[in-house]
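The letters A, B, C and D name the chains in turn, as written, and every chain counts its residues from 1.
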Amino acid sequence: MPLNKEQIAKRIAQELQDGFYVNLGIGIPTLVANYIPEGVNVVLQSENGLLGMGPFPFEGEEDADLINAGKQTITTLPGSSFFDSAMSFGMIRAGKVDLTVLGAMEVSENGDIANWKIPKKMVKGMGGAMDLVAAAKNIIVAMQHTNPKGESKLLPKCSLPLTGVNCVRKIVSDLGVFDVTADGFVCLEYAPGVTIEEIKAKTAGKLTIAADVKEMTV
Amino acid sequence: MNKVVANADEAVRDIPAGATLMLGGFGLCGIPENCIASLVKKGINNLTCISNNAGVDGFGIGLLLENKQVKKMISSYVGENAEFERQLLSGELEVELVPQGTLATRCMATGYGMPAVFLQAGYGTEVQEGKEVREFNGKHYLLEMAFDSDFAIVKAWKGDKMGNLVFKDTARNFNPLMAMAGKITIAEVEELVEPGEIDPNHIHTPGIYVHRIFQGKDYEKRIEQRTVRQRG
Amino acid sequence: MPLNKEQIAKRIAQELQDGFYVNLGIGIPTLVANYIPEGVNVVLQSENGLLGMGPFPFEGEEDADLINAGKQTITTLPGSSFFDSAMSFGMIRAGKVDLTVLGAMEVSENGDIANWKIPKKMVKGMGGAMDLVAAAKNIIVAMQHTNPKGESKLLPKCSLPLTGVNCVRKIVSDLGVFDVTADGFVCLEYAPGVTIEEIKAKTAGKLTIAADVKEMTV
Amino acid sequence: MNKVVANADEAVRDIPAGATLMLGGFGLCGIPENCIASLVKKGINNLTCISNNAGVDGFGIGLLLENKQVKKMISSYVGENAEFERQLLSGELEVELVPQGTLATRCMATGYGMPAVFLQAGYGTEVQEGKEVREFNGKHYLLEMAFDSDFAIVKAWKGDKMGNLVFKDTARNFNPLMAMAGKITIAEVEELVEPGEIDPNHIHTPGIYVHRIFQGKDYEKRIEQRTVRQRG
């Protein structure tokens, strides 16, 4: 069975290390915060100007001045700090954020990512995505392996306008875990009940199966 | 030295049609509600607005859009506004999309007297078009120009009569950057105090950057995505 | 009689306008703060990170954490603000400081200034002087008209290593007040008891006497 | 996540000979006294020190100079130190003089992930030598490179165990800029508190930039120019 969104998030959460500063994008990446392993302390960065993002506020305690990059009301935690948007992206560009997790519409075998624009559709803008992918030192993409039409989103080359080039290092899809290497996609893990054949069939870009490929634990 | 004006109408009195304005805020958080209302009342059009977002229908910069006052938006994300979409598709409105960090840093560059900055965002994408690309230490950067804006309009939590500003929580966002970048900077604050009432170590924007200041009123501070958890 | 240092400072103080943000260099410029005209409120910037520099502290109230760019203990005033050195020079470069007053060893008729280095002498460094002269929108030089050997410091061309080029707009020396224009030095005022002839004799650079030249009021 | 170290000796334990260090402070104001003492004790030499000043004889970086640990100083003003002058004239010490604003901005550039910045200071002077000059809007700028430093050592007034820092008065100066710029940043603070004790709106340096922190002791905080006025 392909993973559901929660399971993708849960698997990505296993990549978190104690002390990591992490930026989680909108969608599946946001869910990662719910599965941070015990004993692992991470600090969540919200690019609108906060380190140490806490959970949603209790009803009645929402504060219009305290939101995340998805414009959701949130809270702080002990040790949180606020700063302006230039410093926020400054720390991202300077490589101080250890891990960025974001969604994608397409990823190419050389690590290009497209996730902001579909020709002929209303363009909403790239927000902070281009800054994040251009500068983050460690990017994991959380995504469905195929689009609603069943077409692979892991491609030889992106067909959509790019968000960034040669920047994605790892993908966790509903079908498995993949490194993005100089030699294309490398399947490290497959979702429980998903076959290597299915992964091969649904991956259009160059794919290698790791010698020690294993079933994912989620 | 008198920077204090009575209200938003007085603060925006001389903003002409065709002006380039910076407007602080992220989404609806930390936006200069009073000044936007006065700009709507004033009705000046052909504005170029530099702002991370374009408000929502019926609030924030959305009000200026509905009133057809905006010629061009320079933003990173404009997806919350149906009227925006309509005007864009009909060709009434121009939009220049800028990566969020680039937008912020181009504001800062202006306030810090730097004519241009090298930034990685957008390399290899359509954002690169027409821009100089340069390699430093094996990485590629785009040369991005500082903004040139006539007025910067920001919203702070507290301010004093010398123009010193303090922002609250994530309502800081673009506000201090734009405050530095206006040829004329207008600050509306929730509470205007006497000089000396704010600890000089807590000031985010020194008054030298602020030309006009007033205490705003009737802040709605609308929440875009009200997310809560249940008490357990 | 040529002006003494206090008189030079006093004359420069007449250039201050209400609401000005002003950076005063070390030496004679510092004295300007003592002669700010009544009814004129100015804010003094100290480039180590303070707007709103106050007077020296009362004895016993010195604070090692509160100094000016000359490393002297100082105080704050209501409305003062602190910031880091990047913002400090940022506001200078962005033209937010209305007036900079500093000393000089030489000024040339095109507004070049030399005030940081004498060949064969120990070089102490330029500190913030190069930043200030490169970016300040309005620079007044406070200086003696001649060096201890009696040689003019207002020259066709500076002989010492430059601090900045084409940046000085006005000079107040012990002999008079001079604009620095596209046409060289223009004498606007002469010190009481100083003759135009003396000024001409002691000015090596191109000098014009303003048609409405007058005696300085100090 | 444990950033807290016991003391300065532990904080500087792995700084090797030949390292490039940033040291915060302006004159003797806001200098990391404890770490300097530990570096002297440790005795590592061939250091390149990026610091606005070079201390005075017998205090601050002057102690490292006397101990012959410094190979090169990158500073804007070094005029307060006779031993410095002696070593410079004898050729034992290299010095690179950088305009103060350029020095500050090159630190900030590092912390903001900008590889280089265009600055006006030094155009037409010997500081320009070997640098690219570029004109923007009729003004000339030098291309100045971000610093590359192994360690940044800063002094704050207060800090918490997550590395968040608050500076006091003009002891801020270069400290927050250098804190952003170290591959490893060490902060010594006068008071180390628990996370949450500092208002998140008052933090000058977010903890993400700080790798090691400790509460220093026996601060002398020497005053370079004691100037006072008389009461009355």
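We take it that contacts are C-beta pairs under 8 Å (C-beta built on N, C-alpha and C of every residue); 3 or more make two chains touch, one makes a residue touch a chain.
Quick caveat: nothing in here was measured; it's all calculated off a predicted structure.
*Asks:* Would you mind naming the chains that touch chain B and likewise touch chain C?
*Replies:* Shared contacts of chain B and chain C: D.
*Asks:* Starting at chain A, find the fewest moves between touching chains needed to arrive at chain C.
*Replies:* Steps on the shortest route: 2.
*Asks:* From the centre of chain D, which chain's CA centre is farthest?
*Replies:* Comparing chain centres, A lies farthest from chain D.
*Asks:* Going by the touch criterion at the top, tell me which pair is linked by more C-beta contacts: A-D or A-B.
*Replies:* A-B
*Asks:* Measuring from the mean C-alpha position of chain B to the mean C-alpha position of chain D, what distance in angstrom results?
*Replies:* 33
*Asks:* If you average the CA atoms of chain A and of chain D, how far apart do the two points sit, in angstrom?
*Replies:* 36
*Asks:* Taking each chain's centre as the mean of its CA atoms, how far is chain C from chain D in angstrom?
*Replies:* That gives a centre separation of 28 Å.
*Asks:* Give the residues of chain D touching no fewer than two other chains, as numbers and ranges.
*Replies:* 105, 112-114, 119-120, 167-169, 172, 200-201
*Asks:* By the touch rule stated above, which residues of chain C touch at least two different other chains?
*Replies:* Counting only residues that touch two or more other chains, chain C contributes 76, 82-83, 86, 89-90, 92-93, 135.
*Asks:* Each pair of chains that touch: what are they?
*Replies:* Every touching chain pair, ordered by label, is A-B, A-D, B-C, B-D, C-D.
*Asks:* What residues of chain B sit close enough to touch chain A in their complex?
*Replies:* These residues of chain B touch chain A: 26-30, 52, 75-79, 85, 88-89, 95, 97, 99-105, 107-108, 119-127, 157, 167-177, 204, 221-231.
*Asks:* Which positions of chain A touch chain D when the two form their complex?
*Replies:* Per the stated touch rule, the residues are 18-19, 21, 41, 43, 45, 51-52, 76-83, 86-87, 89-97, 135.
*Asks:* What does chain B use to touch chain C in their complex?
*Replies:* 1-2, 110-114, 160-162, 164, 180, 194-196, 200-201, 203, 206-209
*Asks:* Please output the residues of chain B touching chain D within their complex, sorted ascending.
*Replies:* Interface residues on chain B, with respect to chain D: 105, 112-120, 136-137, 139, 141, 166-169, 172, 200-202.
*Asks:* For chain A, which residues count as touching chain B in their complex?
*Replies:* Touching chain B from chain A are residues 46-50, 55-68, 70-74, 76, 82-86, 88-90, 92-93, 112, 122-131, 134-135, 161-166.
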